[in-house]
Structures are given as C-alpha cells and as structure tokens.
Amino acid sequence: MKILVINGPNLDLLGTREQAIYGTETLDDIKGHLEKKAKELSVEIDFRQSNHEGDIIDWIGEAKKTIDAIIINPAAYTHTSVGIRDAISAVELPAVEVHLSNVHAREEFRQRSYIAPVCLGQICGFGSHGYILALEALINR
Amino acid sequence: MKILVINGPNLDLLGTREQAIYGTETLDDIKGHLEKKAKELSVEIDFRQSNHEGDIIDWIGEAKKTIDAIIINPAAYTHTSVGIRDAISAVELPAVEVHLSNVHAREEFRQRSYIAPVCLGQICGFGSHGYILALEALINR
Amino acid sequence: MKILVINGPNLDLLGTREQAIYGTETLDDIKGHLEKKAKELSVEIDFRQSNHEGDIIDWIGEAKKTIDAIIINPAAYTHTSVGIRDAISAVELPAVEVHLSNVHAREEFRQRSYIAPVCLGQICGFGSHGYILALEALINR
Amino acid sequence: MKILVINGPNLDLLGTREQAIYGTETLDDIKGHLEKKAKELSVEIDFRQSNHEGDIIDWIGEAKKTIDAIIINPAAYTHTSVGIRDAISAVELPAVEVHLSNVHAREEFRQRSYIAPVCLGQICGFGSHGYILALEALINR
Amino acid sequence: MKILVINGPNLDLLGTREQAIYGTETLDDIKGHLEKKAKELSVEIDFRQSNHEGDIIDWIGEAKKTIDAIIINPAAYTHTSVGIRDAISAVELPAVEVHLSNVHAREEFRQRSYIAPVCLGQICGFGSHGYILALEALINR
Amino acid sequence: MKILVINGPNLDLLGTREQAIYGTETLDDIKGHLEKKAKELSVEIDFRQSNHEGDIIDWIGEAKKTIDAIIINPAAYTHTSVGIRDAISAVELPAVEVHLSNVHAREEFRQRSYIAPVCLGQICGFGSHGYILALEALINR
Amino acid sequence: MKILVINGPNLDLLGTREQAIYGTETLDDIKGHLEKKAKELSVEIDFRQSNHEGDIIDWIGEAKKTIDAIIINPAAYTHTSVGIRDAISAVELPAVEVHLSNVHAREEFRQRSYIAPVCLGQICGFGSHGYILALEALINR
Amino acid sequence: MKILVINGPNLDLLGTREQAIYGTETLDDIKGHLEKKAKELSVEIDFRQSNHEGDIIDWIGEAKKTIDAIIINPAAYTHTSVGIRDAISAVELPAVEVHLSNVHAREEFRQRSYIAPVCLGQICGFGSHGYILALEALINR
Amino acid sequence: MKILVINGPNLDLLGTREQAIYGTETLDDIKGHLEKKAKELSVEIDFRQSNHEGDIIDWIGEAKKTIDAIIINPAAYTHTSVGIRDAISAVELPAVEVHLSNVHAREEFRQRSYIAPVCLGQICGFGSHGYILALEALINR
Amino acid sequence: MKILVINGPNLDLLGTREQAIYGTETLDDIKGHLEKKAKELSVEIDFRQSNHEGDIIDWIGEAKKTIDAIIINPAAYTHTSVGIRDAISAVELPAVEVHLSNVHAREEFRQRSYIAPVCLGQICGFGSHGYILALEALINR
Amino acid sequence: MKILVINGPNLDLLGTREQAIYGTETLDDIKGHLEKKAKELSVEIDFRQSNHEGDIIDWIGEAKKTIDAIIINPAAYTHTSVGIRDAISAVELPAVEVHLSNVHAREEFRQRSYIAPVCLGQICGFGSHGYILALEALINR
Amino acid sequence: MKILVINGPNLDLLGTREQAIYGTETLDDIKGHLEKKAKELSVEIDFRQSNHEGDIIDWIGEAKKTIDAIIINPAAYTHTSVGIRDAISAVELPAVEVHLSNVHAREEFRQRSYIAPVCLGQICGFGSHGYILALEALINR
C-alpha cells in the first residue's frame, strides 16, 4: 500500500513561520514522524510539498496509476481551489484532508473547504499529529 | 486521566438508523471499542448519550470537577446549540468534536458548527473509528 | 394501525394563549376530536405534548417499534430543530407536519421548516382541523 | 356553495409527465374524484387549468361575483407570480393553496410561495388527495 | 426528425430593436437561415415566437407527441419562468437554450437561468448563428 | 401626439378591490379623468388594461410605429417582468412608471422594479392623480 | 396653505455640477419656477437648501407649527438618513420625495430610500419639473 | 406582586466560568442581591436556573396563573430559541431580557435575539447589576 | 462626578411626536427627572440635545477633559453613525446607550447599532425611565 | 488563421475520469477531431492543456502576437481565476468559453464564470462536440 | 496650485486618542509636516478639520472656484457619506483619499468606502506620512 | 536595505494591454523609474514578475532570509489568493500593496483584497507612480 502525502502552500516554512501558532516543528520533522509510523504499519509514503496549485493537481492526476490513497493538507488552496477538488474527484482515490490548526476557529473565509466534500473526511486542529491520525484512518479503512 | 464521551441526539438509534449511511454498528459497539482502546491507553471513559440539549449542557458543566477532557459527537446540536458551545467554553477543558459522517459533503446547514470553534479540533467522516482517533489525539496532547 | 401525534412547545397553552389568533379550543379538545375521528377510521392514536426537544426526539426514536405513522405539530421547533428532523429521517416512518396557523403569513424566520423536507407533506392554516386532515391524508395513503 | 378550482402550468400534462414523481393519474381523473366528493358535500365545483398567468388572474378577478371559495394549485406560478397573489387579495375570497409534491423537499427556489401568505393555508405532498383535503378544509370552515 | 424552435418575448422586434446590440437581422431572416440549414441536414423545423409565457408552455406541452427536440431562446423568460422550466422537464425532450447576446456580460439578474439546468446545454453570444450551432449540436447527438 | 396608457394585472378590479387602500374609483373613472386632461393638452390617449404579461409586451412592441410615449402602471408585473422591461428598452419610447400606492411603504419584494430603470422616471403614491402627473411630465418634456 | 421645500446636499451646485446629467438650471431657477407656480395655486413656498443633515431635521421639526406640507429632495441623504425619516414621521405632515434624476437607473445603493416609506409618494426622473408635479400632487390632495 | 426570574444555560457555572469576563460572583450571590432588593421594594422573587430549553418554556407557561412579570436572562437560548419567544408571547406577561455581558460587542450570531422583540425591553452589559435594573424597570412600570 | 447626557435627532420633539408610541412627556420633563435623581446621587448632569451628528461628535470629543461618563440616546444616529462610535472609542469614557422604545421590536434596520459595541451596555424599551436606569448603572460601577 | 485551444486543469484525465459523466473519449481524441475539422476549414489549431493557472495566463499573453482567436475550456479555473479573465481582456482577442458538461445543472459555485463575461460567448453541455461548435462560431464571425 | 486638505470626524483628537493605534502626533503636527512639504513643492495648502458632514460638503462645493485638488481623510464618513461622494463628483476636482490606519485590516464595515470610487486613488496604512504621499501623488500627476 | 518588488499576472503585458486604461508605459519602464529612485534612496531593488501564484509564494517564502521589505502588485491574485496572504503573514516582513488602477472604482469582485489585511497599507490609482510612493512609504518607516 502506497500513500501520497501532499502539502500545500507555505507549509515549507513550518518551524520558522509564526511559531506561536504553528510551533517549531519543520515539515521535515513531520515527514520523519509520518515515515516512522508508516514503517510500523507497513505502508509506503510519498511525501511532497508545493506552493503551486498546478503541481498538486498534476500529482493527484498521476496518482491514479501508482497510489492507493491520499493525505492532503491543502493549506490556503483549501478555500480557493476547485481544481484540486476536481482532481480528487477524477482519480477516485480515498483522500483525507488534514489541517494543522483548527480552521473552524479562524477567519470566516477559512470555514469553506472546496476539498473536504470530495474526501472521506477531515481532521483539523491537532498539529502534526493530524497526519498520523489521517494515516491510521486510512489504514483502518 | 478521565475522559467524558458525549453522544448527541439520535445516536442511540445507530445500527437501526439508515444503515446505508451509518452501518450496522450500534452505539454500544462503539462504546465497547472505545473502552477497549482506553484500557490499552490507561485512561478512563465515561460514555453517555442523550437527546436532550440540556442534559449535555448539564454534563459538561459538572465535568469541570472530575473530568480531564471531552470527546463530543453533538450530532444535530452541532448546528443549532449555542448552549453546548458556551458550556465547553465555560469549563475550559480540552474537547474534540467527532462526526461519523463527512458533514462537509451534506446539506448546507450542516456546514456550520457552533461547537468546533471552541474545541481543539474536529474529526469527521471515519465512522466509529473517529472516536478512537479523537482519543489518540487527546492522549498525544 | 397506530399513529403517534406529537405536539411541540407551548401547545399546552392553547385555549388560553392569544385567543384572537388561536381560538378558545384547548389541546384536550383537539385530542378529543382527533380520537373520535380515529375511532371512525379504526386507527389508534397516541397523543402527546412536550415543551422539550429531547422528549420529542425520544418519542420518535421509540416509535420505530410500535408506531405506523406520525402526525407532528413541531410548533417553535419547526424552525430550529435539526434533531427532530434527523429523528424522523432515522425511523423512516411516514410523517405529516401540521400547523394551526398559516406560517407562510407570519415572520420571516417562520418560513423555514427543518422538519417538512423529511415529511410526506405539510398542512397549515386550518386550525385544529389540520390534524383531522393529516389523519385522513395518512389513511388515504 | 360554489368553489373555483384553478390548476396552473403543466398540470395538463399529469399522467404523462415524470410518472415516477407524479404518478399516472391525469388531471381529468383528479377532476372526477373531486367532483364526486363535492357532490357528497353538496358543493359545486368549477374546475379549470391554464398555462397562462393572465388567464388565472382573469378567473380570480371574475370569481368575486359568483364564487364562494378558491382551491388553487399554482404550480410554477407559486414561486414567480405576484399577480396571482394580488388577485386573491383583491377578491377577498377564502383560498387554499395545494401542491401535489412536497415542495419543501425540492429546489431552494420552490421554498418561496408568493401565493400562500394570502391564502387560508397550504396543503402539499399528498398527490391528488390534497384537493380533497382542501375541499374538506374549506367546507369545515 | 422534427425540431420545435421557440422564440420568447420581444424577439419579434429584432432588426428594429437596439440595432447597436442586436444588429439589423430580423426574426424572419433567422428563420430563413435556419430552415435552409435544416433542409441540408434533412430535419424539419417548426419556428415560432410569442410574447406570452403561457403560449410557450402550451407549445412545449403539445410537443411531446410530434416533436423530437427543442431549440429555445427564452429571452426575458430565461430569468423569470419556472413554468417553462417545468414544461421542458415534463416533456423530457432534449432541449438547447440559445441567446443572441452574451448574457454573462450583462446585468446581474441575467446571470440566472431557470431554463438552462433542464436543457442539454446552452449557447450564447453568437447572434443568430447560435441557432445554427444549436441545430448542429442536436443533430450531432 | 399619442400616448399609450397601459394598466397591468388586477387594475380592472379597482373600485371593488380593497377599498380601504385603493378607494372607490374604478379604472373607467381614471380613464375618464385622464382623457379629459389629455383633451385639454391636445394629446390622444390609448387606454388599456390586461392581466396578461404577453399582451402588455405585444402592445409595447406594436407601439413603436404609432405611439409617441408610454404611461405604464405595471402593477404586479413591476416586480417580476423582465419581458416588459425589455419591451420598453426595445421600442426606445419615453415611458413613465406610475403606481397608485406608495410601493416603498409596502412588502420588501415590492421595492424592486424591473421596469423603472428603463423609464424616464417613476411616480407613486398619489392614487389616480399619478396618471395626470405622468401625462404632464411627458408633455412638459 | 404653506409648503416647506427642502433641498439636500450638493443641490446648491446645480447648474455647475455635471451638466450632462443635471442640466444648466440652477437651484435659484427651480425656486423661481416653483414660486411662480405656487402663486398661481395660491400657496406659499418656503424654499431652502442645506448640506447639513441636522439643519434638515431642525427645519422639519420646526415645521410642525407653521407648515402644512413638505416637498423634499433629500439627495444623498435619501440613502443614509434615518434621522430625516424619523423627523417626517414625528411631525406627521404630508410629504413628497422628489429626485431630479431617475434613481432607479443608478448605483445599487441609490435604490434604497429611508425617506420614501414615510412620505405620501415619490416622484423621480423629471428634472426640476418634479418639484412642480409634487406641488400639484399635494394641492390635489 | 410576584416576579419570576429565569436564568438560562451555563449560568449555574457563574463564578467559576471564565472569570476574566464574568467575574467571581456566583448565581447564588446574584439571587441574594436580588432578593434583598425585592424585599425593599415589597415584591416576591421566584429565582430559577435551567440548562433545559423545555424547562424554561414549562416555567413560563405555568407562570400565567401566579406570576405578574418575568425577568429572563436566556443566555445561549437568546439566539436559538423560538420556543421561549413563543412562550412569552403566549402568557402575555411583561418581561425584561437581561444579559450580564454586552452582547452587542461579541460574536455576530449573538447580535440576534429571538426573545427581545416580545419583551418590554432589554438591559445588557452591567453584570449582575442588570437584574436589579430590570427589577426597578418592572416596578417603575 | 459629572455625566454628559446626549440626546440625538428628533428627541426635541418628544411630547408632541407620535404620542401613542412615545407618550406626552417632553425632553424637559426627562431632564427634570434625571437631574432630581442625579442630585440624590450627588452627581452632576450636563443634559443636551442636537439633531446634528457633528455636534454630538464635538461634545464627546470635548468631554474627555471634564466629564466622567456618558449617557447617550443616539436615536436615528444609532443605526448610521460610525462617527459617534469612533468618538466614544476615542475618548475612552464609560458610556451607556439608552433607547426609549424597544428597538428590537421595530424595523430590521433598527436592529443594528454602531454605538452599542463601544459602550458598557445598552438599555432599551423603558421609556424615559431608561435614563434613570442608565444613571444607576454608571454609579453602581 | 490560427486558433489557440486551451484546456484547463484535469482535462488531461479525460477518458479515465468519471466515465459516467465524461465518457471514454480522451483529450487526444478531442484534439484529433478538432484538427480534422480545422483542416476542412483551413485554419490552424494550437491545442494545449495545463493544470497550471500561470501557464494558461502565459499562453494567452503570448498569443497576442501570433494567434487570431482563442477557444478555452478553463475547467475548474472558470470559477476561481480572475487572472485568466484579465489575460483575455488584455490581449483583446476573440475568445469562446467551452464546457463539456452543462455547468448550469451542477453545484452552485459552478454557476459563476469569471471568464465568460470577457468572451464572445459560451457553449456548454455538448461534450467534445462543443469544441467543434466553438470553432464554427469563430469562423462564422 | 492650491490644495484643500480635509480631515473628517475625530481627527481633532489625534495625539490623545487611542495612542497605541494612532500614535502621539497631533493634527497640528500633521499640518506642520504637510505645509513644510508643500512649501518645498511650491503648492499652497488649505488644511481643515470638521466633525460635521455638512461642513465637509460645503467646503468641497466651494472648492470648485479656488482649489486645484483635494486630499481627504474622511475618517468615519468614508463608510457612511453619500453626500461627500456626490460633492466630489460634482466639483470634478482630482481627489485622493487618505487613511492613517490600514482600513482593510479592521472591522467589516470599514471595508466599504463611498468616497474612494470618485477619487483618483486611495492611500492607507502609513499614518501621517500618507498625507505627504498623497501630495506627491497629486503633484506627480 | 533590500526590497523585493513583486508583480502579479498580466503585468508583463503593460504598454500593450488596454492602453486607454493602463497607458503605454511597460513594466521595464516602471522597473527603470523605480531603480533610479531606489538608487537615490540607497536601497536595493529586486524586481520580478510572474503569472504563477506558486512562483510568487515561493519568492515570498525565500524572502525571509535576504529581504527587508516587500512591494507587491498582486494584480488578479489580490482577489483570489489566500496563499499569497498566508505567505506574507508567514515571513513577517513589512509589505505594501500597490495597484495601478483605482480598484475601488471597478467591478464588485475587485473590492475584496485577501492581501491588504496582512500588509502595512495599500496604495492604488496612481499608475506606475504608486510604486515610487510605496518605496517612500517603506523608507519613511
């Protein structure tokens, strides 16, 4: 079993970005934790980050052939990308939306997710541990 | 460590209710799985269900003295209860909102949660496994 | 055939409440007329009233086992209760929504019914006679 | 006592139109049932159909002189005709709005009725039996 | 194969009406071009215009028996007629919505079409050539 | 100079309709007053009423050839007819919108006029005298 | 009979302001025409202009004692002044709202009038002649 | 004279709940102050709290027979309970709505009160002193 | 201690204005009652009224130096004046908003107060007694 | 004559993606059909696809020099890209918007097109044949 | 060249008002800096402040004769004054809107400017330096 | 001191694009003017343009290490990019938003800026001179 983990815009800045909100953990740290967990569960992880909506759509489109499930933290694209929504619909792979922060406690425009309706479910507010939970949710299924 | 698990309206009907959507698992089944997991993690679970908004507010208010964290599936009250929101704010305990189904893929009025903004986070769409994930999320914290 | 008749908040005050709008008939009078009609039609009536949303959800949940159809005047809960809506969906019994007054001629917020979309239909504006019509509608079906 | 029964646009197609939703009963069948019931109740029925908003307004305007009450299924004009609303207000005759289907369970734009606020009440969701109920509601009054 | 071509309100004024926007071509010219094209494609055209919403609903209702497809330029009724929408749904014939001008570039209220959702598709902005394109789209199907 | 005076739906009921609001004057009385005034001002009046939106659109379309200006009380069609709006735009004749009552003091949906933006101006709230004022406004121009 | 004529903000600039829209007539010209007409009709005119919302409210408040009716062109205050609305309600004098331009054909925010609902009626779009029409409307009453 | 004082959800937590906002005074303290003031004014106080909407509706319904006026702090139910609104309308007793905090300075959804329109008036923002002011307001009347 | 009492537009008309709603008490009567109460409480009152938004902003700006608290009945400016809101924020004096009538039971546009969010609290619906309550609320603080 | 044909996000997945909706035709098939048709009409086609909004903007910007017209299926970017809209405005080339499915019959957010208002027109709902129609529309012009 | 600099409500309180937001600089300081800069650029400055909307409209109206351009910080009137907007339109002088704070980062209602659409442009968020930038922007033009 | 100057989509077309609105100056001209000014002020400029949202997010993310401030003209992305907003928040560098045209005088959807709330301020409407003003604003700070 192989899982594509997609990180959206600005997540490459984790650890330096607004530490009061996002903590000091970097995206590499998250990757490390997740790969360790994946090993325990005998699944393979393909962990990526891009600030480009088009890259993320490309990756999802290509995933159809080689990937079994998707974990996606679309970050800012959560609220603006119909393209990523359509990509997930198109490939018909099970997907889980993850957010580090509790988006429901933030600005009004962050309440709308274009992505969540085409995912299995959403996990938000648990920091990097959310990725681990998403992985377990996919495996459990 | 003791965790109060609150189940809102109509969850007592699980297993009989709309099986195509909610499956054949009963609330007692969920309670069983969760208690087993809790035992492994050495935490105590107080698992309850009520169709009465007032009961749920009562329970949260009393939780302050004896409970360390809350897992809540507010079901229909997610979208209509300012009272449960205020109760969680008032007791200042960490709480996680859980939904069996992916609320983001349902009716417009189910997109708004009064409860999520005062919780740590939200987990939805993973059926009864969502309770296990919520428990892990609280322990991890 | 057994029909559960549910009356929502403040309907216990009928006959004393705003007589210019609601008339001098009490809820017991309505019960009497309806039971007489039910006898003629050889159906059994279980007639109840509560001001508690939770009671109404409880009753509908329990109805699954012993009841064939529901007549409900959800009164104020028409406009605010997702819980009662979900209860009716869950038990999958035929239900008819009744209102004494013509809700379409009243305040804006009374235009929205959470309950009607999961009922067979709605009858409003004919005072207590609406219950008789609802009974006939169910029998005719 | 004489009652004008008005059927709005496309109701002439009943029996052929979307049978899964509307059944195989034609408008003539409905007329037949209603006239039979009217005879029992010793009232006279004037049963009409038009696809023209103007015809319906004409008929209501003329009704003032010879008609005692109106049963109207405005169909599509329910949601778009201020003219029919004003006509009913103008003649000050008791009127009942009937719909075959449960409009509350359909598209958003079908939730708004221009006509209902100037009627005695509304009956929807009971197919052709709704006309019989409307007749009884008027007689009872 | 026989196609009903319906032209809505004010289209009889083409050629005299706001020539800067609509050009000097009359509705008869459009009819001519379309009949010529139809002949080439061996289909029969029944070309009509009315300013009356009721006429248009009448025509669509009658089309069920003798017509294979509909091309409709509902003009102003695009934005206000639920009746025409319901008529097209009722007869279950393939239909194409045509507009001479690009409605998306005009007033806000012209953005909403009640008709388009029940058609196969929509063609707008190409003047009278839109009718030819609609004909081809139907034939191609 | 010839002026077309168009009266929309239900205005034929004036004098009998809701006398507390509209008074006892009939449409014929209004016609009489207006024709007398027109004679004084040496203009010709063509005074009509219809409950049919299509008739009104027909009349405006034909007006292009023989009429110099339009006075229109669109009544209920004020708020729902894009067709009449487009007709007035199409013939490019000066038009004045008249209302007997002060529409700005009535229901929310009567605040919107589709017609007024394509007229020279609007006069409302002065009963039948509004027609005289409209005539003077046109002559003065 | 004495009539207070109130002119709101920027009307002192008439004749110099945007001549393409408002023409070359000054406010003094309008005053002249109106006083001439008033003389013919044997009524007295008190013609004023202010850019200050407070002045206009003061004038209306004082009008109660000495004035029989009000003609008001509230200009920009039409859309923003609840104070002027309340003043007219308070003094219970008949009032007519006048606008030089057709406000219904301008920006969205000019569609809302706080003032019109407490006036007898509204006249707009006829330039300075609107004042003469308003005077006649008041006299006719 | 006897006054029913109703406290809505979570007010039982006062003194422990979010002390920075609500202070250290408990609901018993408020009861004490109010009873002392009532004694001075020779009125009797019946002071209650419930987290159950249904209880509050029950109490208001029963109040009709034995109570002269109502002071109500509906807390969270202010914004969601049509049932309490209808109860106050039904018993036709003078009522005053009180809030400890200034609801106008809080979340958007706290701006809407279903209760206030059926009360004499509203007092908010003065902490527990608001109850004393409400009592004086009722006595003064 | 010195308190500035500000009365907004049209309050100078009290006693003559719409007596059915506002009673026969004049603003001078209110001033008298309030000064008597103030004397009892040993505070000084500076009681003013203006119809000019600018005057009220001027007064609040000057209040910083010599005034300890503000009681303000902004009347119509409640709903339209960001300027008065900013003035109260700027001087950072405790302020209480008072309304004679229950604004929550009136027109939709009166539900919004620009002023209340920057005040300590709001008192409405108790007629002139609201000023006394506001004074007590300030003293109690 | 040279025409740039732009295909937006996820169109590269055609033929594999949701075949029930989009059929089994691939984007290469569409390219083939279109090039064949273009050859017949003696125009040159430059057929491209990208998931990157920026690529599409780049291509349109460069088109100014070498291209005569644009056919664009912006797919998901239809509803979210102001950038593509501005690009088309900037190059001032005639453009036609094409959609495979009937967007008017899909989710609410697909009703809004940022692109259509700056195109000549829109064609939707005819599958791949829509490209052929767009080509003919451009040639006809 | 002579430039009118208009400061709206509460700007006279600068230096004392909310220093954390607005700093300790007074309006006189700003005037000083701006006059110094103006001298360098050989333009004349007429620097004014008023809390009265009417004063500001008066000044703009008079500006036509003697002034070449306007710098305006409308403060609270930005969001509520159609009158000032119309004044600037009327005099057809180039104007620049300045705000000390970044209005885009504040309350929702501060996002709307009635004034900006009739100005050359807007500068906000740079404190008093914004006036200098506005002056340079006007000179550069 | 080093300043990153970012130009969003379609700004590479300046000088050729809609010259009536944007003039004949190219982006290279703007770069030249700005570099000249920067030299005078002894600051370094890094001037870039991209049509790709992802590029702009990349640049801002990298800016943290080497750049002191940002001038950004996000063009179309102003209204649609949460990603650029989050990038600016993340790097915590002072930023100024610039627009060539006065966005407040254009389409409704251009009124909303996702970017401005996380910038120091906004400058719009002064053409290319806006960049110079932004530079001065940053230096002055």
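Should a chain be cited, it is by its letter among A, B, C, D, E, F, G, H, I, J, K and L, assigned in written order, with residues numbered from 1 in that chain.
In the analysis below, a contact is a pair of C-beta atoms (placed from the backbone, for glycine too) under 8 Å apart; a residue touches a chain by one contact, two chains touch by 3 or more.
As the structure is a computational prediction, the values presented were derived from the model and not from experiment.
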item	value
Between the pairs B-H and K-L, the one where more C-beta pairs touch	K-L
Inter-chain centre distance, chain B versus chain K - centres from mean C-alpha coordinates, in Å	54
Chain H and chain I: spacing of chain centres that average the CA atoms, whole Å	24
Approximate Å spacing (C-alpha centroids) for the pair chain G, chain I	30
Cα-centroid distance, chain D relative to chain J, in whole angstrom	47
Overlap residues in chain H, where contacts from two or more other chains coincide	52-55, 80
Chain-to-chain touches, reported pairwise for every pair that qualifies	A-B, A-J, A-L, B-C, B-H, C-D, C-H, D-E, D-F, E-F, E-J, F-G, G-I, G-K, H-I, I-K, J-L, K-L
Interface residues, chain A side, partner chain L - complex	8-10, 12-13, 16-18, 50-55, 75-77, 79-80, 109-110
Residue ranges of chain I touching chain H (in the complex, touch as defined)	96, 102, 104-105, 111-113, 116-126, 129-130, 132-133, 136-137, 140-141
Interfacial residue positions of chain C with respect to chain B in the complex	52-55, 57-58, 61, 64, 80-83, 85-87, 89-92, 114
